[in-house]
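Okay, so chain A shows up in both of these, paired with chain B first and chain C after.
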Partner chain A sequence: MQYLLNGLPIGAIYALVALSYSLIYTASGVLNWSQGDMVMLGAYLGFAFFHFLHFGFTLALLGAMLLVGAIGILVQLCILRPLRKRQAPPINVVIATLGVAIVTRNLALAIWGPEAQIFPSPVSSAPLAIGALSVTRQDLLIVAVAILLMIVLHYLLRKTRKGKALRAVAQDRYAAVLMGVDTEKSDALAFAASAALGAAAGILVAPVFFVTFNMGAGIGLKGFVAAVIGGLGNIPAAIAGGFFLGIVESVAGGQISSGYRDAITFALLILVLWLRPSGLFLRKVRQRV
Partner chain B sequence: MSQGKGWGAPVVALLIVCGLSAALAGCSQDAGKKVIRIGVVGPESGTAAQLGQGQHKAVQMAVDEVNAKKAAGDWQVEAYFEDDEGNPTKSANAVNKLIQQSKVHLVIGAINSSATLADMVVTGRAGIPQITAGSTGASITQQGNKWIFRTAANDEFQANALVRHAKEVLGLKKVATFTAADDYGQSGAKLLAAAAEKQGLQLVASPTYNNGDKDFKPQLLTIKAGGAQGIFLWGLYTEAALISKQARQLAINAQLFGASGMAAQKLIELGGEAAQGLVLTQTFLPESANPVVKDFVAKYKGKYQESPIPHAAQAYDTVYVIADALKRANSTAPDALREALAKTGGLKLVTGEPKFNLQGDDIGKYLLITAIKGDKFELLKTVTGN
Partner chain C sequence: MAIENTGKKLVLLLAVAVPLLLPLLVSNNYYLHVINLAGIYTLIAIGLNLLSGYTGQVSMGQAGFFALGTYVAGLLAINLGIPFWAASLAAIAACALCGAAIAIPAMRLSGPYLVLATVGFGEIIRLILLNWTPVTRGAAGLTAIPLPKFFGWQCSSEAQFYYLIFSFVLLGTYVAYRLAHSKVGRTFAAIREDELAAEAMGVRVNRYKSAAFVLSAIYAGMAGALYGAFSGVASPDNFTFDDSVAFLCMSVIGGSRTIVGALIGSFMLTGMSEALRALQTYRLILYGGILIFTVIYMPQGLAGLAATVRARLRRTAGRSAAASTGGEGKA
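Entry: the complex of A and B
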């Protein structure tokens, strides 16, 4: 039971990252490999806001989301748009995003150095006992903020004009263009929202895991696995995949062997791709935002 | 044209002779000067960066001192540095580069035990001495490699001292080990298990983790379920700090122990409140009253505006061990250097009075049992005469 509980906060982080992969994938058909490094950027910018500008946690969170969101737009504007204009094959676009990831990571290394930085937790780190179980306020905060962000995203996609446009593009890019939707704008929006979600995941996880220049690699990859396990291109499925992966890792790490935790994760990925290629939480291959 | 032809052959011949003699001497600038080149390899970036950077700074400082006060007689010492990021493959490549390009006579390094084990293959093949000032893995000096020396404290000495402290001073009965899944951590796990058995302590769990892991709660829950009163960690400081934090978050109040590999100021900084009271063995404390230590700390602080870490102190001593051996050998020939190193004695250095046993382990090292208190390591007691 305690293992299950420990899987929730890390699962919430995976869910946010999975969501960011899925959002870009559905909206623009691109796998954006720089998502993990948006997590890292979010953590560092939050750290900078916190330390040098003495922002509170909420303000640092919002500031970092805004700034990293802008970087997301920049990526879309400078990388995706020109490649699309030249009708580059999808694989080129994917490799270009990988390039963004590597450049970002090395920039972070050059700016902040190789040492781990401490991001103070906004809440007390003392454990709360619930019967025989214990959780920390930070864990609760992670899960709460993650769920709040998911609800906000859902609202934005369903109720706002821009959100509806994004969903229209996801459903049928060509038809949307014919209907007068600016697909480039909706792509930019997807990149911004995804980057902001990643940044939020970064700040939430920073007090628990410290801030390091290569933190994005692990979280990014796990988030992607969660998205695929859940069902790439579907938002509820990505969220379910994130929580599922977090819990599986925690339970498998405790009950089987922690040394093989990553092996178990990727074995699971292969198994899902083999048995249910559209994801555990999707009935058939289809796209929905 | 005919004149040109007439000059051409002698010039070419001269160039060839020069080139050959340069190759034989190692480097053409050496002609007439007595120079020893030391290669230094360690993790200057990556998760153990602080350790490698400390080693780099201390070696540079010691080399400057040795040259200035002629501690190696009329020999001039030159140091060449390479970053291995703590990665065995990169480390072996770095040592290869040092030997082939920089033509070093001797290697100091590495810090990660798995990297040192990889480097030893290279230096052993080249037949030049290697001294590790940072690797404590017991297996390093059990390879039957005559070229390796160690100025760090063997893990076996540390494991025994820690377990004895847990039993005799703290009165613990049930303990667990929680170790990195690399050479360093696994040799530590074995040594701790052996020491616990010898002391009659019950080992209730012995999980492992991978370097770079962030979530240690599953393993900690296993340890908690076993009812351990003490947890022996064996790994580097970033993971140790996260483990201490997560243990407290799971309401585990067992005493934490660690070895010299994680003894860095960063451990206290990253671990914060959760790392308070963690007991660990090390070879050096900057606050020591020992005048040799005081002198070293003052010089290091003056040069780098920071307090030296134990890895720096050991690296600093290592340069003096080399200078002393070189003075006696009066040669950079590998065999002569090795012989002289093996006969080291009578030096009073920062981290001990070095004296090597047949395996190449320094048995004159001071072993300090310390605990984290506030933002410092506090000395509990000193163990000597291993």
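Entry: the complex of A and C
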């Protein structure tokens, strides 16, 4: 039971990152490998705001989300748009985003150096006891902020004009163009929102792990795994996949073997892909490949 | 015409002579070492081109097969003293089996799903190598992998390894070239272009897709066996996700739909990576930038670019020839 509970906060992080992958993939059909490095950027920028500008936690979170969101737009503008214009094969798009990841990661290394930075938790470190179980306040904060962000995203996608346009493009790009939707704008919005979600995940996870230039690689990959296990291209499925993966990891690491924890995760992934390519939490099998 | 023929013969002569005499021309052992490494990566990239470029199945887990090849051949040589050729065969067999196994889930997948499944495969192999300490020696990895020996002749210097690796690259290129220009190659391309249509034409799609996986695994496995013997040491750190990405980049940057593209890509990226070493931290920033630039502006890779340039030159040459004959006609 304690393992289950321990899995929730990391699951919430994975859910945020999974959401960011899923959002971009649904909206623009792009598999964006630089998503993990947006997490890293979010953590560093949050750290900078917190440490040098003495922002409060909320302000640092919003500031980092805004800045990283702008970087997301930049990536869409400078890299995705020319690729689309040339109708480049999908593999080229994948490699371009991998290139973005390499550049971002090493830029962070050049700027902030190889040492891990310690990001102080905004809440007290005394754990809370619920019956026989205990949770840290930071864990509660992670889960609460993550859920809040998911609700905000849901509202933006369902209720605002831009959000509706984005969903229309996701459903049928060609039809959306005919209806007068600016697909470039909706792509930019998807990239911005995804990057901002990643940044939020970065700040939330920073007090738990250390902030390092390559922290994004692991989290990014796990977030992608969570998105696919849940069901790529569907937002609730991505969230469910995130929490599911967090719990599986926690249980596998605690009960079976910590060394093989990731191997178990990937084996599970291949199994899911083999048996249910549309993901665990999607009922309909939709051909989106 | 005669001049053009002589030119072609000269190019062919150079293409044969330069690689054969290279160790005599390059006296610097470091350069030769980098060339040898690029040769080993060429084998992996050729396999990837058959798998991804021809058949359209993108793999980001080739480091897994590469690792398997290195460890199987290396462990057999270290623990049992098995000669290089037999250990290589065992490595190839192990990789082929593994390739066939991963092809079972892979043939139902495409796009990001396939990419992720292959990433998962590569990571599983790496984590097993890291954690199965009694057999794989864990994070410390393999040390003192014996040098290859053929009929009492031991391969030890960079130049000797050059000839060993060069012969495998030659063989690998030849086999892949013949395959790519045969019915098999055309079937691979048909599957890439439209799987459903190929199936409707009576192509056994799944069989060919698995065959491509097995082939790419064999190439990576042979590369692994050579790598272990060549470097003498190997640890799980040599076979990470980043390495898989690098192999895929070699394939795509060189031009994944040609065999020669694998050669170009691996030599380009290996050489570039070494040449940029002086820049230290900025090396990978530049490297990433070049990757982005290449995939945007040379979508078919360097081999594709060369083909476009050649076609354009031919067209201009044709036009000027037509213009000159036209002029003669008038006169």
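By definition in this document, the second predicted complex is superposed on the first by the 286 of 289 C-alpha atoms of A that agree within 3 Å, B and C clash if a C-alpha of one lies under 4 Å from a C-alpha of the other, contacts with A are read in each partner's own complex, and residues count from 1 in each chain.
One rule holds in what follows: a contact is a pair of C-beta atoms (placed from the backbone, for glycine too) under 8 Å apart; a residue touches a chain by one contact, two chains touch by 3 or more.
Just so it is clear, the model here is predicted, and its values are computed rather than measured.
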Once chain A of both complexes is superposed, is A:100 in touch with chain B (first), chain C (second), both, or neither? second
Just checking: does A:171 make contact with chain B only, chain C only, both, or neither of them? Give me first, second, both or neither. neither
I'd like to know which partner A:90 touches here: chain B for first, chain C for second, both or neither. second
Applying the touch criterion given at the start, work out whether A:160 contacts chain B, chain C, both or neither, answering first, second, both or neither. neither
Once the structures are superposed on A, label A:262 by its partner contacts, choosing first (chain B), second (chain C), both or neither. both
In this superposed model, does chain C or chain B come into contact with more residues of chain A? C
Is A:225 in contact with chain B, with chain C, with both, or with neither (first, second, both, neither)? second
Taking the superposition as given, does A:58 touch the first partner, chain B, the second, chain C, both, or neither? neither
Looking at the overlay, what does A:270 touch: chain B (first), chain C (second), both, or neither? second
Both chain B and chain C touch chain A; at which residues? 109, 259, 262
Along chain C, where are the residues that touch chain A in the complex? 52, 58, 104-105, 108-113, 115-117, 119-121, 123-124, 127-128, 130-131, 241, 245, 248-249, 252, 256, 281-285, 287-289, 291-292, 295-296, 299
Which residues of chain A touch chain C in the complex? 25, 31, 79, 82-83, 86, 88-96, 98-103, 105-107, 109-110, 217, 221, 224-225, 228, 232, 257, 259-260, 262-263, 266-267, 269-270, 273-274, 277, 289
Which stretch or stretches of chain B touch chain A in the complex? 45-47, 49-50, 181, 207-210, 212-219, 221-222, 238, 241-242, 245, 248-251, 266, 269-270, 272-274
Can you list the chain A residues touching chain B in their complex? 2-3, 6, 10, 109, 113-116, 118, 125-127, 129, 134, 136, 208-210, 218, 249-254, 258-259, 261-262
